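Quick heads-up: structures coming right below.
Here come two complexes built around chain A, the first alongside chain B, the second alongside chain C.
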Partner chain A sequence: MAKVKINDTEIEVPNGTNMIEAAKLAGEEIPHYCYHPHLSIAGNCRMCLVETTTPRGPVLEIACNMQARDGLAIRTDTAQVLHMRKSVMEFLLVNHPLDCPICDQSGECRLQDYYMEHGQYDSRGLDPKVGKNKRQDIGDLIVLDAERCVQCSRCERFGDEVTGTGELRLMNRGDHTEIGMFPGDRLSHNYQGNLADICPVGALTNKDFRFQRRVWYLKETASVCTGCATGCNIQVCHQEGEVFRYLPRRNDQVNKSWMCDMGRLSYQEIAGLKRILKASVDGKAVEPDVATGEIATRIRAAGAAGVGFVLGTRATNEANWALLQMVRANVPGARIFVVEGNDGGQAAQGDTLLLSGDRNPNTAGARLLARHDGNVGDRLALLAALPELKLLVVLEDDVLGRLGAALPPVVFFGAFKNATAQAAAIVVPTAHPVEQDGSYINRQDRVQRVRRAVNPVGESAPAYVVVDRLGARLGKAPGTQMVAAAFNGMARAVERMRGLEFKGLGAEGRLLAPEAVTAVPGAEAST
Partner chain B sequence: MGPKILSANWDVPGSHTLEVARSRGVYSRVAPALAMKPADITQVVKDSGLRGRGGAGFPTGMKWSFVPSKEKRGDKPVYLLCNADESEPGTFKDRYCMWLDPHLLIEGMIIAAWALDCHTAYIYIRGEFRFIQARLDEAVAEAYKAGLLGKNILGSGFDFDLHVHLGAGAYICGEETALISSLEGEKGQPKLKPPFPAVEGAWKAPTVVNNVETLAAVPWILEHGAAAYKALGTEKAPGTKLFSVSGHVNKPGVYEIPMGMPMRQFLDEVCGGVRGGKKLKAIIPGGSSVPVMTAAEVDLCSMDYESINQNAGSYLGSGGFIVMDETTDMVAALTNLLRFYAHESCGQCTPCREGCGWMYQILCRVRDGYATPEDLGTLRDLADNIHSKTICFFGASAAMPVQSFLTKFRDEFLERVQRPAAAVTVMASAPIPSAGA
Partner chain C sequence: MALPAPRKKLSTPESVYLVEVIKGMFLTMSHVIKNILDQDRFRTIEYPDMRKPMAARYRGAHRLTTRPDGKVKCVACMCCPTICPAKCITIIAGEAADDPAEKFPIEFDIDMLRCIFCGFCVEACPKDAIRMDTKIYEINAYTRQDMVHNKSYMINLMDGLKPEAEDVYRAHPEQAPAGYTFDEKPVA
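Our next item is the complex of A and B:
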């Protein structure tokens, strides 16, 4: 550990901590453009100049290239520092087109923010600005406006260090330095959206979000992407019930500052045509209550031996817990299954960065409950049991697609129309992850929260509520109407979740306790 | 004028060939040097007080001693890079060293390499010096053939390979970390320090970057000893130095003189005085990047680092001695300089990238009569805001001429901006530079 001093605050940080980060811990925001916690140090924007004392007296040095060591003291509030911030702003803006009124970055632009905070000078720029290429289509998701660029080189470093594709390059010199790509080159990777995120100005903007909404109208809700088993932390940006974009939310343990384009664009499904909006019984739209009653009737008719339940790898922990409790309380003899795999039955490719080949957000959670219950069958068990089943109750997953075998009459609780939903006798719509509170367990065994950002569409409700209502019809409701109650009940019961609390999951989630090592029968412990 | 250390062979016909070079004693210091302990060579260079001739004047022996010892650097190699990217306006000495006595440089590099435990070295040569590269290539080939380079030099067991690498023609690649970037195949841009090249330079290995003239002085120092070198020049700036003299003088050219000669004497006696018998107006003593000196300051200074710094606030730099007579338009001269800096800024750091072009544009307006007194204030501010706020020294190099011209020749600038008729039409008639790259 190193004791460093930022202005008058003394704090202790690990040796080598970047001084911008150390200052943040001390409550001091050092403005910067080129520094990014998950990219290498470039040191070129000069916005983070701070004063430090050397044998030669006080000198200005860039904070981003300073590592914490014992006794290091910096000042961010001297006249020299404040003057340089203003000066750097003046340099950055002298050739900037100032087209804020038509720029999507407006409202979250470092040039705007820092000008208000550190600039506030009267323009002295009398000379013509250097013109550069505007509106360049450089990828499926990205538009480049080289004129707005501040040459911070973040995008260049992202391409070199994160995706390893290295498309974007700073070319030419002096004030004609321009960000661009080689002729014929085009962004083609699955992480393009991050370029727009890390661009501190409006040079790289996201085509999908361009001209959609002014960012200051958007509200942000911290959540988790449910596109795959990685569970990238995200901000859901929404206004009046409509979601406009997902942004990655920093979590150094999961996704650093990144997310893939597939996950980023998956917000489009929230209000997409594939959503199930109404409950139906045998193809006829009915009130959800009516459908729930009909389900209870058919479960009773099938009898415990004739009905099977499938936990969802796409469902929240709370929904799975609700279903497990509901079944054990009302139809104790019924069989329960988990069918892993991807919807549509197709194998999916993952990558080495974030995207997992398992496109379900909660495979680990479903497995955990299966292990906890001890009597939950897998895909093969379900295949074997199919002839005896008269009714199969499915939570979220496309069991039909995953099994590729004909199913008995199906009751489907889910948000999206998939093959199983289409074949189902009874369908009850459930809420999308951004429309409910709940938790998922990612592939690292990290329990992470989603938060309700917008209201559920149509007649949908969170699955744990829907299942609770079904339990009430069957006699015993599992008591999972409230998400925190559902989670906390589960955490008390499931060994590896012990000690976790719904409210204590925090912004970065919590890891499950490590799996207890079961003794191999017959093996003697050697001491 | 004292002994010639660097330019002794320049007038000998065929001095660039191995045969003539050898007859003049070049390479005679290799065998004795290889018989010495490497650390002893570094000590001799340290004792001689030799300072880097590229511009900064950093003590060469000390630079060599920054290279981590074998225990510390592990199996990383040490690289020796000869900075032959001579592109400072007004400086043209290294090209003569390489053109007229390439073998002296190679000899110096062999000795330096032995001292540094270096087995691979590069001469990074300026992109425009293609013709010199051809000559260096010949000299290196001759040296290889004669067993002076390559495996087991002169039977000493010391292996040393020397490569000549042509840059692509960028002023900034004379900055040592930009030179390293360029040599590595990257865009020629300075790197953040720390780490310093002596610890982590080319390909992340310890690297020493020395100027051509510096390395060419090493053989003489070894032959004659540190004391003989120290006997020349001044106490803090021993030895001789090459000066590139250009501008309004009667005898422009490259001159080798001992450090410490009075500047006036150098100008009048060595360079033949100001052209056409005119009065001296100003001198830029160390290449275009250093502050300009007035005629009055010239009388106070002698040709060494300390005197120029103390008496005129300028620097000896690379020894690019630019003479300007009384007819010189200082506004036009500064504008011309800034055109160079605006073009050569690598574009990495904000102040220098945006500021050099901006200063040039303002100067164009001053020169053409479209500027106001406020513009001079802006110009001064910009220079102050660029100076030493950037990764490398380029920003300061562009700022110092502006600061010094504005201070020392203020009247000429004021006269240009006090023409109200032109000033009101600033926006309407300012020349519009071409947009885009």
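Our next item is the complex of A and C:
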């Protein structure tokens, strides 16, 4: 640990902590462009200059390249520092086009923010500004405006250090330095959206979000991407019930500051044509209550031996827990399964950065509850049991596509019209992850929360509510209407979740307790 | 609870009805004589055949200004809907493929029933794209829907009408406010 002093605050941080981060801990914001916590240090924007005392007297040094060591003292409020910030701003804006009215960055632009905080000078420019290439289409998701660039080289370092593709380069010298790509080159990786996020100005902007909405209208809700088993932390940006974009949210344990484009664009399906809006029985639209009553009747008719239930690898823990409790209380003896795999039945490719080949957000959660119950079958068990089943109740997953075998009549609780939903006899719509509170467990066994950002579309409701209503019809409701109660009940019962609380999951999630070493015999087969 | 308004106690001449009536008649007659002697400053106008000249700063119905090439100046920056206290401006932005301005309003609606004529939108606009200098105060329609002025309505609002202020400014440019730019579209 090192004791450092930032202005008048003394704090203790681990040796070698970056001083911008240390200052943040001390409540002092050091303005910066080129520094990024998950990229190497370039030290070229000079915005982060702070004053330190040396044997030669006070000097200005860049904070981003300064590491905490015992006794280090910096000041961010001296006249010299403030003067330097102002001068750096003036320098960066000398050739800046000031496109703010048509620039998508405006509202979250470091140039705008720092000009208001540290600039506020009167323009002294006499020469015409140096023009550069505007509106360049450099990738499927990115538009580049070279005039707006402040040459921080974040995008260059992202390409070199994170994706390893190295497309963007700073070329030429002096005030003709221009960010660009080699002729014929084009961004082609699955992480392009991050370039627009890390660009501190409006040089790189997201084509999908371009001109859709001003950022200052958007409200942000901390959530988790449900595109794959990685569970990247995200901010859901929405206005008046409509979601406009996902942004990655920093979580050093999971996704650092990044997310993949597939996940980023998955917000489009929230209001997409594939959403199920209405409950239906045998193809006829009915009220969800009527459908729930009909499901209860058919479950009773099929009897415990004739009905199977499938937990969802795409469903929240609370929904799976609700189903488990509901079945054990109302239809004792009925068989429960978990069918892993990707919807549609095709294997998907993952990569070494973030994207997992398992495209379900909660495979680990479904496995955990299956193990806890100890009597849950896997896909082979379901295949073997199919001839005896007269009814199969499915939560979210495309069991039909995953099994590739004909199913008995299906009751489907889900948000999307997948193959199983289309073949199902009874469909009840459930809420999308951004429309409900709940938790998922990612591939590292990290329990993470999604939070309700917008209202559920159509007649949909969170799956744990829908299952609870079904339980009430069958006699005993599992009592999972309230999500926190559902989670806390589950956490008390499931061994590896002990000690977790819904409210205590925080912004970065909590890891499950490590697996007990002595595995219960027979538990392997159940996963 | 409504409180009774305090009543002024009347003085004796006031309480005599006739004195006040005669005073009122004198006032009326003085106006009649003034109007006859100074017809240029006639105090009664025969609306709608006659209209009062409005002050240069009068805030009338909004119009959208255009560039010399006829395209609307607005770049859909969303400053005016942001500042608008009545939240009555709705803009849908789009990308202008062949225009260096890149962004333009596909739709631009102002709900005049909600507008409070504060003029903030004009102040906020970085492009001088919206003005309230039309002096139009007869803003009326038969349906609520027609009270929503749309983009083409606001662009063409001044067709056949002269903005009075602009007239004055053209004749006496020194009177125009600092930085005033003339709308290049020829005014009929």
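Just so we're on the same page, the second predicted complex is superposed on the first by the 518 of 527 C-alpha atoms of A that agree within 3 Å, B and C clash if a C-alpha of one lies under 4 Å from a C-alpha of the other, contacts with A are read in each partner's own complex, and residues count from 1 in each chain.
Note that contacts are C-beta pairs under 8 Å (C-beta built on N, C-alpha and C of every residue); 3 or more make two chains touch, one makes a residue touch a chain.
All values derive from a computational prediction rather than experimental measurement.
Look at A:Arg135: by the touch rule set out above, it reaches chain C but stays clear of chain B. More chain A residues lie in contact with B than with the other chain of the pair chain B and chain C. Of the two partner chains placed by the overlay, neither chain B nor chain C lies in contact with A:Met482. In the superposition on chain A, A:Ala472 makes contact with neither chain B nor chain C. In the superposition on chain A, no contact is made by A:Leu265 with either chain B or chain C.
Using the contact criterion defined above for the overlaid structures, shared-chain residue A:Trp216 touches chain C, although it does not reach chain B. By the touch criterion defined above, A:Ala2 lies against neither chain B nor chain C after alignment on the C-alpha atoms of chain A. Legend: residue contacts after superposition of the two complexes on their common chain; A:Ile102 is shown touching chain C, with no touch to chain B.
Taken together, the two complexes place no residue of chain A in contact with both chain B and chain C. Within the complex formed with chain C, the residues of chain A that make contact are 100-102, 106, 134-135, 210-212, 214, 216-217. Those residues of chain B that touch chain A in the complex are listed here as 170, 172, 187, 192, 194, 342-351, 353-358, 361-362, 365, 374-375, 378, 381, 385, 388-391, 426-427, 430, 432-433, 435-437. The residues of chain C lying in touch with chain A in their complex are 75-79, 82, 93-95, 100-103, 126-127.
Partner chain B is touched in their complex by these residues of chain A: 41-47, 49, 60, 65, 83-84, 87-88, 90-92, 94-95, 124-128, 130-133, 150-151, 170-178.
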